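One structure coming up, written as structure tokens, with questions to follow.
Letters A, B, C, D and E name the chains as they come in the text, with residue numbers starting at 1 for each one.
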Amino acid sequence: MTTHLPILQVIIPLLAAPFCIFLRIPRLVGIFAILVSAAAFLVSCGLLQQVITAGTISYKLGGWPAPWGIEYRIDILNVYLLLLVSAMSTIVLVAAQTSIKKELPEDRHVFFYTSFLLCLTGLLGILATADAFNVFVFLEISALSTYTMIALGTDRRALTASYQYLIMGTIGATFIIIGVGLMYMMTGTLNMYDLAERLPEVNTSRTVLSAFGFFIVGVCLKLALFPLHLWLPNAYAFAPSIATAFLAATATKVAVYLLIRLVFSIFGIEFVVTVLPMQEIFMVLGLAGIFAASVSAIYQLNIKRLFAYSSVAQIGYMILGLAIGTKLGLVATLVHMFNHALMKAAVFLAIGGAVYRIHSAQLIHFAGLGRKMPLTMAAIVIGGLSLIGVPLTVGFVSKWYLVLALLENGWWPVAILVLMSSLLAVMYVWRTVEWIYFTPPRINIDDVTEAPLSQLIPIWILVLANIYFGLNTSLTVGLSKMAAESLYGIFGGVL
Amino acid sequence: MSDLFAVVMLSGIYSLISASLFLDLDAVDVAFTEASVGAGISTLLMLASLKLVSRYQKKTRYKPILAFFVVVTTGAMLIYGTLDMPHFGTADAPVHTHVAPRYLNESMGEIGVPNVVTSVLASYRGYDTLGETLVIFTAGIGVMALLMVSKQTKQESKKLIPADMQQQIILRIVAKMMIPLILMFALYVQFHGDYGPGGGFQAGVIFAAGIILYTMLFGLSTSQEVFKATTIELFTAAGVLLYGGVGVVCMLLGGNFLDYDFLKHDPVHGQHLGILLVELGVGITVASVMMIIFFKFTWRTVKHKYKK
Amino acid sequence: MALSAEMMLILTMVVPLIAVGGIAAAHKYPNLREAVTITASLILIYLVSSLYGITKAGGVVSVQGAELFSDLALSFRIEPLGMIFSLVAGYLWLVTTIYAIGYMRGHHEKNQTRFYCCFAIAISSAMGIAYADNLFTLFIFYEVLTLSTYPLVTHAGTKEAKNGGRVYLGILLSTSVIFLLLGIISTWYVTGTLDFRAGGIFGEEHRKAAAILLPLFIFGIGKAAIMPFHRWLPSAMVAPTPVSALLHAVAVVKAGVFTVLKVCTYTFGIDLLVSLPTRDFLLYLGCASIILASLVAMRKDNLKARLAYSTVSQLSYITVGALLATGSGALGGAMHIATHAFGKITLFFCAGAIMVASHKTEISQMKGLGKHMPITMTAFFIGSLSIIGLPPCGGTWSKWYLMVGAADTGKWLVMAVLMVSSLLNIAYLLPIPLKAFLSEDGVEKDRSFQLKEAPLPCLIALCFTAFGCLVLFFYPQPLYEIARAFLEASGNYVR
Amino acid sequence: MNILGLYNYWIVVVLMLIGFYIVIAHENLIKKLVGLSIFQTSVFFFYISMGKITGATAPILDEKYELYSNPLPHVLILTAIVVGIATTALGLALVVRIQEAYGSIEERDIQEQDAHDQLECQLEAYGPSSMEISDEQEQDE
Amino acid sequence: MELVLDIISWIFLVTGCFFCLTGAVGLLRFPDFFSRIHAASITDTLGAGLILIGLMFQSGGWGLVMPKLVLILLFSLLASTTASHAIAKAALKSGLKPEVSSADEPSEGESSSKL
């Protein structure tokens, strides 16, 4: 049974999603979804165990060997993210039981859970596969289910947000498929590792260059890197809080994984660094993203949009880590991916809890909630502190490694800019803290009580994880270091 | 081009012409799918949605400069990319030398299906097709979630008999003759996929087209007696489960996921059975999803009529 | 009790946190809540003094904490300078609590529970800073102190309080994140270790790096309020008086200068410091801030603002002492921490008492107040004497050694500055008590109700701290002993 | 370097640009979807023309022929067509819902109505009187 | 025998193409919607029919291809005629009147084709 773990990881949610349609009763579907996601989490733990003991696992789908059939190849990097995505989906699903009651009409709950499971399948599928075209198919599955989940939001602007995301997402996916086509044309194969062997001979040709260009633009569109991030704020702001929490924690991370896989496993860091000035481009775009998004986050009225812009800024940090191009830079990116998922899931779930009670995500309606919902608001504050990078929280760890990597690479002015950008984070987090604690209530919140227990537990699991992984970084940093070794091992990295 | 009706019809013609062009490029399966899906269903869905949306586009000034700039840069990148490409139709391009020869040479021995595209589609890269069925299922779920219609609108609309379709005598008689043939042709395409162009997708779409023709002519409520929306929803899920189930059965019998060799004692027979079942799963899903999408769009028009 | 020294050290930090729990639990019964705080402070005093007894007897107490990062750990060690700071913080916590009870009741402030909780957290983080054994642990508690004092500054919740809080947090966080964190990470990158070691961790080969890092550290420690980054101190005057007392005398400011002294002696090392080119520039910047702050203080009519600017100048005394890089300079600085604490806290208690009793805040209104508030005014007189550095109060010794230190290095400009600033101190401090006692007019006519002394708890606290100033002058031996032990520990010769 | 052999890719590029232009420039939501499908169809042409060998026949194994075109691009494109129709179907459902919610499917009208909602909640947040007291508040559209 | 079949199929194919051509020209030149729909349906029925018959001769022998072509012929005749009928009926219902010999009564000519 254990030999089938890689495919079980994706098949369990894949077959569970259509099965939800048979179950019909919303409550039953909800619990079924949690069980499925928990099973996926257990499988990824099993995979972690196997990969650590036996190294990279390869699974031939349909029994056909690699370049002909589709192959699943799981190494440290995949398992690290599989663990993250399945854990996040389990926690968010636990909070979903009560949260979507207030945000979705009763008859749409079954479809919401089905779309959620399909999105989970898509993300897990992208993470596990080693076939370039298979990535496109599962990318499309996760994208379509994301459009549905966003469009289920209560506000009418959710529809336009979902439509805009559909257009930009499809353009991104089509760019990716053009990239895959160009690579296929020059090498004749679709398997990532086969590509990695055959690309060096042809990588001087202009077709491979434009293939790399298209792939990068497609992935950056999915990643919401700075100039291509226009769809993210609206999509996260008007989607149901549960969808926002799940997407913020996982969707962009999977896109970053794709970028890492492309830059390090398929094209190799030498090609990326020498042929195109990718280091400078990523560094400039990352910094621009950080500053522009943080500044616009300060002026937001809707609290979800505020933290959505902060997500765009945090992605800028990850891209900056990649731009450094050294092993430590990659470790900084991987650590920040894990940490950012924790932070954002905690904050958005807490906001979901508040929206559950006051039915609005406007910042001014949060005034004075500090006294009425102490635990939920404390979660937002701690999440905010973690975003800033205050010691004892997870954010500090990723900021520490990022600055260390920057210094090691001699980019000390960039290090100063990164530290100054965390000041912008201070401004927009403290704006929320001022509204929540130090301003008298704008709407009557006398009868508002604490968020329901079924939401408080996941929120506080995430908050405690935020602090625990801030103190004991053996899991996150350990795994990231091993992943970085494995990625650099293949190509004897620049360092 | 302010009349959207013309835009939709032209896009239908565009798909038809591209289907014929695919045929010329030896891509028979793709031509069949493009004709049935591109020209058929997508034009149909656009016309159905046009019924709900204002038909004439307001003459608004659009912003050409930004668009022009972005398009030109992408075009430049593309043209730049095409310079080193292997020439059109050359036999020694890497694409034909690395992975493809094995499909052409060994597929007869390993899978025994003359149509290599079906063998690659269902067996070598069977997992891609499972993913693709899931994409169709996701789209179905999305449309179902977005265009929900409450129970009571369904009850009220039963009393509503579509007046305009009553006197279309000629159409109804011809349709009565045509629909059974369409459905039979769909089944033919479904099971003929191994030997000639055809397969799950095309069959599903043709089957759905037949049913949609019936619904359009004889009214939604009459066709609901035959194809109740709730059962069709179950069928969308059944197709994907069938496909996945075949894969799981292969796992239980000892092979990897979707490895049909283990289905029967003799691997080639196993492949045949596997491909047959898998194509059936795809056919069911595609047919039921297309039907459900059309039903949801028509429910919306009924809902509007009922509200007025 | 059979508590081992290590246990006591941990307890000093844990006891205030337990007190926080107790205060939060007892928020419905004010008396029980106050009792919890007082018992906690008594326990803390007992712990600190017993630790003092052990270290005086030559025992080395050190605790290796949790392994946070790859090889960075939370580790604590008691060394003499830390002992001074924790003694000051411990004793003054008790006194300030007593004073706060009187003040808060007299002024019937709202949400007092939050006040006491944040106060206790601040004290625990102060203990953490005192005993930190490496820059990393110190930075963590430094940030916790900033965050825990923010709610105290914006206690009133009015617009001014919020603006004050913004400036307070903005400057403190920005200096600590941009300069201090960058400095710490760069030291970690350059030297590979962050521990406080006698003679400093920067060897000769890191001279150039040390030269760059010195200004980073000095400007980074925003709490030491060097001139360009002193704005947060006057803007924090918006807070109630016990908080200003905490800020100025007990925790925040003391933490700042304590860190400056520790960094200069233990990270850079006195002998390396002498030869650093950037040291002179910082030295003259310190002198400039002494003079400028005193001049501004003279112009301020509001009593609390004047005291705030006087603190800015007094702090620069200690920074200058540290940067003089001679034995007696550091000795003077260490002693000045204690003497300035007692002196300044007395002045603030008097200011608070005047405010509670007579609702007067401007100095010009305080003519002839001495007749009605004799005890407060005499305590004010003693406090100002200690700040100025005249014989009957402790300030003389520390200023004396600072003067000797300046003489040792032969920098006559620094000596001149010390002289002139003492004169300026006289100019802006002495007139207040003299006017209060000697001039007649201005008090009876416009006061309708009968002027009375401040509430009893405030008076007790006042007298205790005033008495403390006198004790420090007549019996400075223990303070002198610890300061000398600090010099030996930090590996310099003592003249 | 006889570049004439590359004419098929240029047709693909022209089609791609047309589709891309429609998606970006036109304001009508349905037209955007049509542009998107044209953009995707051009990708299909790109893949299929990649797999064609002059003088070869369709990849259906038969004794009479030996030279066959490459079947792999055909499989990939079958998937891509289905993905395209799935996206179009979902897009059309969204367009129908947008028409019901906003009463129009022109991007310009939708943006005006959104800006109007944004202004409302801004007034509610800071109130007309206190508009100038709080720090400057430009729209972030 | 081969030659005879080829010649006959060629004759059919050429006439079929000729009809398609006339249909296309008719489609462009005719002033009114209903006459244009008539021209279009010519290409559908006659043109396609003749080409199909020509192909039958090409198919060679009574194998599998011949019945398929016959079926296609039947279906296309059935379907295309119904389609043009449906379009004409829909146009009539939506208020488009055919242009009746505008030569003698110029007055009521406004109803002519607008589409």
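Everything that follows uses one rule, which is that a contact is a pair of C-beta atoms (placed from the backbone, for glycine too) under 8 Å apart; a residue touches a chain by one contact, two chains touch by 3 or more.
The model shown is predicted, which means the values in this text are computed figures rather than measured ones.
Trainee: Kindly list the shared contact partners of subunit B and subunit E, in label order.
Mentor: Both subunit B and subunit E are touched by no common chain, going by the contact rule given at the top.
Trainee: In the touch network of chains, how many steps separate subunit B from subunit C on the shortest route?
Mentor: 2
Trainee: Using each chain's Cα centroid, which is most distant from the centroid of subunit B?
Mentor: Checked the centroid distances; the maximum from subunit B is C.
Trainee: Most central chain by CA mean?
Mentor: Of all chains shown, the one whose C-alpha centroid lies nearest the global centroid is A.
Trainee: Among all chains, whose Cα centre is located farthest from the one for subunit D?
Mentor: Measuring from the centre of subunit D, the most distant chain centre belongs to C.
Trainee: Looking only at C-beta pair counts, which chain-chain interface has the most contacts?
Mentor: Maximum number of inter-chain contact pairs occurs for B-D.
Trainee: Taking each chain's centre as the mean position of its Cα atoms, how many Å separate subunit A from subunit E?
Mentor: Roughly 58 Å separates the two chain centres.
Trainee: Any idea how many Å lie between the Cα centroids of subunit C and subunit D?
Mentor: It comes to 64 Å between the two C-alpha centres.
Trainee: For subunit A and subunit D, let me know how many angstrom lie between their CA-based centres, rounded off.
Mentor: Centre separation, subunit A to subunit D: 24 Å.
Trainee: Based only on mean CA positions, could you tell me how far subunit D sits from subunit E in angstrom?
Mentor: The computed centroid separation for subunit D versus subunit E comes out at 36 Å.
Trainee: Give the residues of subunit A touching no fewer than two other chains, as numbers and ranges.
Mentor: If we look for residues of subunit A contacting two or more partner chains, we find 133, 137, 140, 144, 147-148, 151, 184-185, 190.
Trainee: Specify, in ascending order, the residues of subunit B that touch 2 or more different other chains.
Mentor: 78, 82-83, 85, 93, 95-96, 99-100, 103, 125, 128, 131-132, 135, 138-139, 142, 146
Trainee: Can you name every chain pair that touches?
Mentor: Every touching chain pair, ordered by label, is A-B, A-C, A-D, B-D, B-E.
Trainee: Which residues of subunit D touch subunit A in the complex?
Mentor: Residues 20, 23, 29, 32, 36, 39-40, 43, 46-47, 50, 72, 76, 79-80, 83, 86-87, 90-91, 94-95, 97-98, 101-102, 110, 114, 117-118, 121-122, 124-125, 137-138, 140.
Trainee: What residues of subunit A sit close enough to touch subunit D in their complex?
Mentor: 133, 137, 140, 144, 147-148, 151, 156-157, 159-160, 162-163, 166-167, 170-171, 173-174, 177-178, 181, 184-185, 190, 296, 299-302, 362-364
Trainee: Would you pull the subunit A residues touching subunit B in the complex into a rising list?
Mentor: Going by the criterion above, the answer is residues 4, 7, 11, 14-15, 17-19, 21-22, 59-64, 67-70, 105, 107-108, 111-112, 114-115, 118, 121, 125, 133-134, 137-138, 140-141, 144-145, 147-148, 151-152, 182, 184-190, 198, 202, 205-207, 209-211, 213-214.
Trainee: Considering the complex alone, what residue numbers of subunit A touch subunit C?
Mentor: Going by the criterion above, the answer is residues 385, 388-392, 397, 399-400, 403-404, 407-408, 412, 415-416, 419-420, 422-423, 426-427, 430, 434, 437-439, 471-473, 477.
Trainee: Once bound in the complex, which stretches of subunit C touch subunit A?
Mentor: Subunit C residues touching subunit A: 66-70, 139-140, 143-144, 147, 151, 154, 157, 161-162, 165-166, 169-170, 173-174, 177-178, 181-182, 185-186, 188-189.
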